[in-house]
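Both complexes shown next keep chain A, but they swap its partner, so chain B is in the first and chain C is in the second.
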Partner chain A sequence: MSRAFKFGQIATTLFGITLVAFFLIRLVPGDPVTLLIGERGASPEAIAELKARIGLDRPLVEQYGLFVWNALKGDLGVSILSGRSVGAEFLERLAATAELGLTALMLATLVGVPLGIFAALHRGRLFDRLSMGLAVSFYSMPIFWWGLMAIVIFSVKLAWLPVSGRIGVEHDVILKSGLLLVDSWLMPGSLAESWAAFKSVIHHLLLPASVLATVPLAVIARMTRSSLLEVLGEDYVRTARAKGLSRFRVVALHALRNALIPVVTVIGLMLGTILTGAILTETIFSWPGLGRWLVSAVLSRDYPVIQGGILMVAVVVLTTSLLVEIFYYFISPRSRGRG
Partner chain B sequence: MRVTQEALRSIRRNLGGPLIIVAMALLGLTTFFAIFAPLIAPYDPARTFEGAYSLPPFFLEGWDSRFLLGTDDVGRDLFSRLIHGARISLLAGFAVTVLSLTIGVVLGALAGWKGGFIEAAILRLMDTMMALPSILLAIVVVTILGPSLVNAVIAAAVTAVPGVVRLVRATIREEKAKPYSLSAKLYGAGGFRIVTVELLPNSLAPIFVQGTMGFGEGILNVAALGFLGLGARPPMAEWGTMLADSRAYVESQPWLVTAPGLCILIVILSFNLLGDHLRDVFDPKLKTREEA
Partner chain C sequence: MLDDRMLDIRGLTLDIHGARPLREIDLVLKKGKSLGVVGESGSGKSLTALSIMGLLPNGAVAQGQALWKGRDLLALTEDQYRTIRGREIAMIFQDPMSSLNPSFTVGFQIDEVLKIKMGIRNAAERRARGLSLLKEVGIPAPEERWNSYPHQMSGGMSQRVSIAMALASEPELLIADEPTTALDVTVQAQILELLRRLIHERHMSMIFVTHDLAVAAKVCDEIAVFYAGVAVEQGPSEMVFETPRHPYTQALLRARPTKIQASSEGRRPRLAAIPGSVPRSTEQIAGCVFASRCEKVMESCFTKRPPVAEGANSRKSRCLLQGDQ
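On to the complex of A and B.
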């Protein structure tokens, strides 16, 4: 597949996303203006005036054209509800979701990969059965329920971790990067205060990130196990063993290198799963991220937020999968031949 | 005689470990509950008992022998609601699976067989749907149609379609390249006939596995929409909706939240175990690798 073709595909998909985001949401009964000022209480003239101000009185095709044209110029419009720029709001929310999602992905990788490796090395034995049983249970977990249970156990009963939010109210962190893990070090005040704020951020992250990590952890562990088992059956592994290399050397230096290629790919492509999980996790933990932002925008028919937000989410997802593909191209010589 | 022995041995071999038998037993039990829900459940799931509010289950102090698993905040019997919930969830999962498989197989077969522009158009449409987090797509679909159990099923089915399309397209393409496809063509069979009579029956195994996994995922997504208040409406005894309803009592009466969630987990876990096992059975390539 040529590079130009690939970019053509992505462009077509993005074009499709603009169509879906723009027209689907206008199929939803009820418009933002009526929802904003209520069905009663406003004169038809006032409603018409507000609609004209937002540009909702123009023909649909013209509105759509304007949306795409402005989006190409990097302007996603202004939220009807908050009056703020959609692009700025998106970046702010993205940072919150990224902090949660990347922490979850890191947790899932740090636990999932070793679990998969040990399961593969002890194939058929108790550890393998137990860990793979655990993995399939995690994979089947309704995380909206899991999150509630986690709150009951760790926040309410044991009182170890906070129930919701991103940081304790007593810390005055100023948003710079949007990632509180970073911003807690950039805040004014002593190092001790920064450290306290940082600890508070970690405390708030731990529970939602673990809940969000549940499904990815299972996928990564299972993928690592089956991939390593496959590689361990290859001739070159047998050759390495026959040369008299230690089992550790064979697994760690020879087999793992190839076995982890599909695992890395899966981790990269897990972004969609993370975002889906984030929508549910953010609802449970009142996390001010993308998921809650978009859901409340859909419920209040905030057209600019929905169309701009969905478009940007798609851009993020497609960019990541493209990066994964490029990465795959470089680390797996086999995929290059097919080009 | 020998044939039955062979059959028995093959069944035993394909039955897998004790875990698979437990999973199948649990699914059988759930199906039994679902079919005979009105006969098994002691009460109507929506019936409220005055004065019997928030009673604890049998293993806690102060339970009422009329209500085995206790009652919720408006005095409805939890046991009866869970049993009826099995009926709703299984039906919903079944509907999601049938709907998504039907649409997915038609589109996937079309793409795999025709190739060219039709294939590109279908695949781009699926890419578009997959570029959005599935629950977001489902939320948009449900807001358009209005929150209800049926619409949650439609939304969950829509989000499941791209996976089926990609799978069916890939297998049809693979089968299409095999000699028997060409020979059917040389016999003068039309495209529709070749796809439906020759290629699809040979592609059933992966579709079947996907269907089993999709069943569990369908139940999960419908429950998730119910939890977000976009699925079945209360007082309907849907597990996800029940979870959302009792969220406020998660501290005072944790069993109201624990029980429906456990039901969802057990059913989905059973479907996934079964799906995993079916994949091992149907994918001989994987199996020889495992045994090697």
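On to the complex of A and C.
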């Protein structure tokens, strides 16, 4: 695929997203002004004045054009509710979601890949059936159900892990990178305090990250298993065995190197799933990330936040999938073509 | 006499999930000789090769013996096997394009053998050896090829690399499983010539699996003809080709399309064929496997399993007609 084509594809996708994000929310009944002032007791003049201030009195097409024009200049507008810049709010929230999402993805990969390998090597045996059955149930149970169950068991009944939030209130972490796992080490105070704060962050991450990891874990494990099984039947694996290499080298090097190529792609694609899952997970665990930000924006019809937020989430997803493709290019010699 | 028997397979029988693709195979390979194993698909020729390599599919149960320099290969543990597989015996396969790992360079895949199987520690020495191997199998500009990936090469080039990789461990026996079937005719001839030259120069033995009797006769000293999991005949190439003993070999040679000449009206004569079809590997056969299609069939053929009849010039066949010769 040529670079220009790829670029055009991304641009088209983003354009489509601005359309959907802008018009879809305006089709939903209710508007921010009514929600702000309240339906009763507001004078028509007050409503009209507020509308004019936000710019909602202009024709829809003009509003859309303004949104796209400003977005191209890097300005996503201000939140109707908080009055703060959408871009700045997005970045703040992005850090919280990234911390949760990347931890979840790492968890899903670190558990899913070995699980899939082990299941493939013990194909048809008890472990294989058990783990793959579990994967299906991970995949098919709704994530909010897992979330609530996890809270009931680990937070309420066993009281091992906190119910919500990103860090205990007693820790004075100053947001620098936005990632508390990093910022806990940058805070003023002794190393012991940092360590305590870091532990608190891990503690708070564990439950929501595990819940968010369920679906990607299931997908990654199943993908690894089927990919490895397929590769183990390839001619070049037979060649590797015929060369008299150890079983470990045949599986871990010759087979796995090829089997993991599609798995890497799937892991990249799971980023979208993670962001979707984050909306539910963050709501359940009161995690101050993108998901909860967007949900509350929808509930209050905060148009600039919704359209800007969705656009930025799309940018993040497209960027990562592009990165995955570039990475794929490096790990798969065949995709580099002849030459 | 016994000394020059490098590989001596006796009564090799294979069972896989209720099927019996190999029925008491007997095969002898002498030191420095090449043996062509000829048969149609499903006759058990590739499975025999894989049995020697210890690379049988899961669930396969082998009986009998495969004596490699006096040691029974079938009785070896996996660890013991590794000192022989890819070291004393190397193998190349049918489809060279899919037989090389697409994720590693040619150099890596040859280097690996030199490092692990040959124990050469020095990387520069391995590279020098690898390059000379590539040169030996006729690859132009070996230095450039060293860093190539398999998908960047043609089928013939890939097969040459496979051969170089097999030679890297300096094997005493090379098993070639239909090495030219997937290649263009002109490339086929080059690869055959290469193999013939290499076994001569390196004093290797070779088992050459093919479905083409003529090719086998050209390349190999001896030929073994397989039918339905039985080695029905073995002997020196030209003798098997000129005076076949077993009725199956005779029928096979008659069925060759080489003597076709258009008749005066311009119509081609029908090709000779063997009537009937090959018995399935799941069938239980008490007598001779070829009995149902044989034109010289006798009553006893259906009840008595023909023993190996040895004749002059170390010719062997499994036919009741040969018993008293």
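Definition applied: the second predicted complex is superposed on the first by the 335 of 339 C-alpha atoms of A that agree within 3 Å, B and C clash if a C-alpha of one lies under 4 Å from a C-alpha of the other, contacts with A are read in each partner's own complex, and residues count from 1 in each chain.
Basically, contacts are C-beta pairs under 8 Å (C-beta built on N, C-alpha and C of every residue); 3 or more make two chains touch, one makes a residue touch a chain.
Just so it is clear, the structure is predicted and the values come from calculations on it, not from any experiment.
Once chain A is used to superpose the two complexes, chain B occupies space next to chain C without a clash. Touch criterion met: A:S332 reaches chain C, while chain B stays clear of it. Look at A:A242: by the touch rule set out above, it reaches chain C but stays clear of chain B.
Applying the stated contact rule after C-alpha superposition, one finds that A:L323 touches neither chain B nor chain C. Shared-chain residue A:W145: touches chain B; no touch with chain C. In the overlay built on the shared chain, the residue A:L110 is in contact with neither chain B nor chain C. More residues of chain A lie in touch with B than with the remaining chain of the pair chain B and chain C. When both complexes are overlaid on chain A, the residue A:I17 reaches chain B alone and has no touch with chain C. Superposed on chain A, the gap between chain B and chain C at their nearest CA atoms measures out to 8 angstrom in whole units.
Within chain A, no residue touches chain B in one complex and chain C in the other.
The touching residues of chain A, when paired with chain B in their complex, are 9, 12-13, 16-17, 20, 24-25, 27-29, 133, 136-137, 139-142, 144-146, 148-149, 151-152, 156, 229-230, 233, 272, 275-276, 278-280, 283, 291, 294-295, 298-299, 306, 310, 313-314, 317-318. Listed in rising order, the residues of chain C touching chain A in the complex are 53, 55, 78, 81-87, 90-91, 93, 95, 98-104, 112-113, 116-117, 149, 151-152, 162, 165, 169. Partner chain A is touched in their complex by these residues of chain B: 19, 124-125, 127-128, 130-136, 139-140, 143-144, 146, 216, 220, 223-224, 227-228, 240, 243, 247, 250-251, 254, 257-258, 260-261, 264-265, 268-269, 271-273, 276, 289-290, 292. Residues of chain A that touch chain C in their complex: 234-236, 238-247, 249, 254, 257-258, 261, 331-334, 338-339.
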